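Paired with chain B in one complex and with chain C in the other, chain A is shared by the two complexes that follow.
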Partner chain A sequence: MAEQTDQLRTTFDNLQKRAYIVGGAALALTVVGIAVSSTSQVLQSYLFAFLFFFGLSAGSMFLLTLQHITSGVWGLIIRRFVEAAALVIPWMGILFIPILLGITVLYEWTDPVRIAEEHAISAKVHFLNIPFFIIRAVLYFVAWGLLARRLRSLSIQQENAPMSETETFRDKLANVGGPGLVAHVMLWTFAATDWGMSLEPLWFSSMYPVGWMIGQVLTVFALMIIVLWLLSKNNLLGYEIPVDRLHDLGKFTFAFTVLWTYLNYSQYLIIWSGNIPEETPWFYERTNYGWQYLAIALIFGHFFLPFFLLLSRHTKRNFKVVARISMWLVFIEVVYVFWLINPAFHKGAFQIHWTHVSAFIGIGGLWVAMVIRYLKQLPILPPHDHRIPELEAQLAGHGHGNHAPVNH
Partner chain B sequence: MSKALSKTATQSPGTYGIMAEFADSSALIHAASHIRDAGYTKVEAFTPIPVHGLDEAIGHKASRLPWLVLAGGLTGSIGLFGFMTWVNLVDYPMNIGGRPHFSWPAFVPITFEGMVLFSAFAAVFGLFLICGFPSHYHPVFNAPGFERASTDGFFLCIESSDPLYDAAKAKSTLIGLGAHAVNEFSE
Partner chain C sequence: MQSSKQLKPPVTETYDSLLAPGQSLNSVTTKISDLILFPVLKTPVGWIVGFVAAGLLLMLYLYSLAALFTYGIGIWGINIPVAWGFDIINFVWWIGIGHAGTLISAILLLFRQDWRTSINRAAEAMTIFAVACAGIYPLIHTGRPWLDYWFLPYPSTLGMWPQFRSPLEWDVFAISTYATVSVLFWFVGLVPDLATLRDRSTSPIAKKLYGLFALGWRGAAKHWQRYEVASLLLAGLSTPLVLSVHSIISFDFAVAQLPGWHVTVFPPYFVAGAVYCGFAMVIVLMIPIRKWFGLEGLITMKHFDVMSKVMLASGMIVTYGYFGEIFYAWYSSSIYEYYLIVNRFTGPYAWSYWALILFNVLIPQALWSKKLRQNLPVLFFVSIAINIGMWFERWVIIVMSLHRDFLPSSWAAYTPTFYDWSTFIGSFGLFFVLFLLFIRFIPMIAIFEVRDLVHKTTAHPAKHEESNHTGA
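Let's turn to the complex of A and B:
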């Protein structure tokens, strides 16, 4: 169970190489877009792609810290994957540089003319100004990076320590994970306000970061199901996943689908019933001019479809079926992030550009390659985790519950 | 015991079944899965605590309860959404802040709560229905020592209506599976 097999290593190597090549090529193509299209279009597309993939790392950080404090075998089987994705956050800081360089193109509140004519923007200038925005961004990446690296260094120490010390490490990781989760939620609240919400500086909503954050966590659960399914199907995982543990991940996916809907709908309902001019435009822009089709797609695709499909215990316990549903959930989250971001730049008409696709593949390729870089360093099932004996007992058929390995 | 004798025992009208007591939940699960694999279908288990995996071990088919809950949830949500629509459009249309009469965003919380409420009703009352509640008498109470099923006893019952039912054979099988006490009991 401990070492990565040669087969897995080769798969990771090949995938990583391909991800670097495809990602690099797509990013280069996106840069060509500056000449063919415009700098502002390229920056808009880049911001959308960046925020989607940053969201995968952020959702992973949420789950990494959460599973360290809650324990549970579901956390053991995803631990290394979310750890690797969280470790990519500092590198995402490097990918953030183009956004900082294009800050005056992307963010309306940097425009002196708008500041002069709009009192509501000038009143926010102590918070929304370029130097402070950059300082905050650097702080976020440093804080996230320190948290991810602290948890990783404890992981490495745990690997090198004997199994007898496993409970010491469990407690150490939980002691970092608890405050880490609080820190993560606060960091994301500020980051979402800065990077996404301030695109429309007249609008504000305290629900916005939370609704988005739950979408990220949901997407990471879905992604974990897909990754485990792919590895398991190709005999690369090295162990069988007990069907009850797959059921756990399915139940979380279901619960977070409902939570996402609850938060996003609450935001809508409060703004709709308040019906005051500084709040409604954000939704008005997103439910008119062609953007309403995405909004309707989100209601059905991000809620009704996964809700009814995941309602049944049978779908949650069928690896192939739940993996398909998860693929849909990842796709619809891309639509959600697109619907959050792009209407800010295109009020009055639906718009999508080829650079959205190329930037998405570009940043996505680099993100995948970086995640694999960290995945290769340690066994994908942490051998000295305190939950290993529990998983082994379940695989051996002891203890309560149905531990039959799941079918592909 | 000869085959003829055990046959007559089986057919004695007053026998409800055979009750075996086990030391703990894992012994019960072990025995139940053997009994299931031996082909018995009229089997029931009684435990003082919920035991994960027991449903599969005694070969119970998936419960019908989820379908009742789904029906309850759909009734509640569609019913209340429809009711609010009827009230606001037909029965008593009112101008509230200039909004359209069919202001569906305002209906959603009630629709959701209706779904929760009626799902809960369906779950509780559906469970009563499926379990045969309220019931003041059940033959299993005739099994000696059965009152311990609510404190520390783990019981497995094979009913005499099972096509494979043979008291002597069942008794020896259950003792072989580690049962402390095995008793036939009457209706």
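Let's turn to the complex of A and C:
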């Protein structure tokens, strides 16, 4: 159960190789876009793709710290995956460099003319200025990196320690996980403000980082279901997921779908009711000029569809069905991030460019390859986790009927 | 209860289990029902003293309301611009307290958290009494409570129609739905226990009364099956209410344009604050009750540990809300938003803002320590601090935002009057009268749910482990 099989290693190796090649090629193609299209277009596409995949790592960090402080077996099943995705954050710091190089193209508040003519921008100049923006970005990546590394080094120590010490490690990991979750939320709040909210420097909303963060966590839950399904389907997981644990992941996905809607709807309602000039343009831009179709798609695709599909106990316990719903959820989150970011650059007309796709595949490929790099290092089910006996009891005590049917 | 003094065994605390060792199906039923089933005339002195004290406070409350109805809301300290004062602060505070009960009974049921079983009954009762205390404030705040039926949309010859765009109108529906569902949920959960009391009581009057409310429960398999379905459905209905009621209360403020009210993160931050304060109140009530009635075997240290963790988590969300208010007010570069923060930090009511930070942010950090979480005096003190801090939070949001708005020429101070205080303190009378009646006549711990837990932990320990997986 603990060791990675040769078959899994080969699959990981192949997948990683392909991801590097596809990702690298797509990024190269994106760079070509500078010549064919424009630098600003390429940077805009790159920022969107970066923020989506960064969000997957951020959502993973949220769940990694959360599952260390709660004690459910659901956390054991996803632990290694979210750990690997969180470890990618420092590498995302390297992928952030093009955004720093293009900062004057992307961010309106860097423009001296705009600073001079707009009081609300000049008033923010102590916070929104290029050196401080760079310092902050470095701090975020360093802090996140240290947190991910600390949790990883405890994981490695746990692997090498006997099972008898499992409770010591549980407490150690929880002691890092609790403050780590607090740190993560704060880091993301500032990062979301810097990287996303400040694209429209006149606008502000304290809900913005929160709504987006919950979307990230939801997407990571969906991604976990997909990954576990793919591995189970191809007999690569090494154990069968008990159907109750699959049900847990489904319930979380359902709950976070509702939570995402609640937060984003509340933000809309408050800004719509207040109807004040600093705030309404952000939504006005995103609900007119063709962008409203994405907004409507989000209402139905990010809420109604998954809500009604996941409401049923039956769908949550059917691996194949819940994996399909999860794929949709990941897709619709891409639409959400696109809708958050791109209208900032294209006020007055809906716009999508082929570099959005190529940058997405490019960063996505590298992200997947990096995650696999970390996944290969340790068994995908941590053998000395304190929840292992509980999982084993569930696997043994249940007979065959209680494993989640995979439906090849 | 009457003989608890001579019978009480030395207390041994249980830290890692939801039941102290040695609990059996029979001991649970006997323990809980013996707290109630004894003649009225043998009611212990302690209870009577408490009831009289609470009754006196209730009299103060009724006197304050009578004065209010006679003279009008001019007897309060409210003015223009501070048109909302103690009435709305207390309304939000009380309704927040109610939230823990709903969270424990509904959400934890859906998540199959066994630690809810020993505390859910009392927490739900607390919810209902807190909602009763809360609901009165907006009704009397209108100044003409005899016209409150105008809130309801009905085809009136007056041509009156409520303003459905106003969150104050949403409150009417949110709170009445919340109260109805909470009472139903509580009552449905009571039925099997009322039947137990009917069967065990020796007094014919008690037998009749408990029998009446037990609705003919015989414990048949069919009854249990229907009970399970009903409670699951009610839990499903209550779960969105935990979020919606306090979100709508936050809209009362957030849809306005006033700095300090118009904050987009308000809904989740209000909900977290409600859970925070509600759990603190559950702990404040449970620590003495557990001791007085010798319930250490049923409400263990594990319960307090888990509740403290929920409190810590919701407290951190609330702290995040305070941070968000300050940071985005500064980031907004709006002079009005910015001044709000200056006024909170240094204005005439700055002491209350710093009191809020002390009670709600600094003191509860003690809960990070497992040692302190399991020290009941410390936990009691922290919980009281949170209750006070959450009251200050509503004071800061309501009074401090209103008293200095956009126009300095319309600024004013707010000072609560005697009647503001008496209406607040008196509402504790209503709450405690109801709560004392509850612990005297109704099983304060759900007998059949604890029996179910005993069954699961003794008969099928492995199965119990498995159902307890979702994590806190």
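Assorted remarks:
As a working rule, the second predicted complex is superposed on the first by the 397 of 408 C-alpha atoms of A that agree within 3 Å, B and C clash if a C-alpha of one lies under 4 Å from a C-alpha of the other, contacts with A are read in each partner's own complex, and residues count from 1 in each chain.
Note that a contact is a pair of C-beta atoms (placed from the backbone, for glycine too) under 8 Å apart; a residue touches a chain by one contact, two chains touch by 3 or more.
This is a predicted model, so every value here is computed, not measured.
In the superposition on chain A, the chain among chain B and chain C reaching more residues of chain A is C.
In the superposed model, A:210 makes contact with chain C only, not with chain B.
In the superposition on chain A, A:163 contacts neither chain B nor chain C. In the superposition on chain A, A:28 contacts neither chain B nor chain C. Judged by the touch definition given at the top, the superposed model places A:273 against both chain B and chain C. Of the two partner chains placed around the shared chain by superposition, chain B is the only one that A:313 touches, whereas chain C remains out of contact.
Contacts of A:135 after superposition: neither chain B nor chain C is touched. By the touch criterion defined above, A:146 reaches neither chain B nor chain C. When the two complexes are superposed on chain A, the residues of chain A that touch both chain B and chain C are 269, 273, 275.
Those residues of chain C that touch chain A in the complex are listed here as 111, 165, 243, 247, 251, 254-257, 262-268, 316, 320, 323-325, 327-328, 331-334, 368, 462-463, 465-466, 469-472. The part of chain B that touches chain A in the complex is made up of residues 25, 51-53, 56, 62, 66, 70, 97, 99, 105-106, 108-109. By the touch criterion stated above, chain A contacts chain B in their complex at residues 265, 268-269, 272-273, 275, 311-313, 400-402. On chain A, the positions that touch chain C within their shared complex are 67, 70-75, 119-120, 123-124, 127, 178, 182, 185-186, 189, 193, 204-208, 210, 244-245, 248, 251, 262-263, 266-267, 269-271, 273-276, 278, 390, 393-394, 397.
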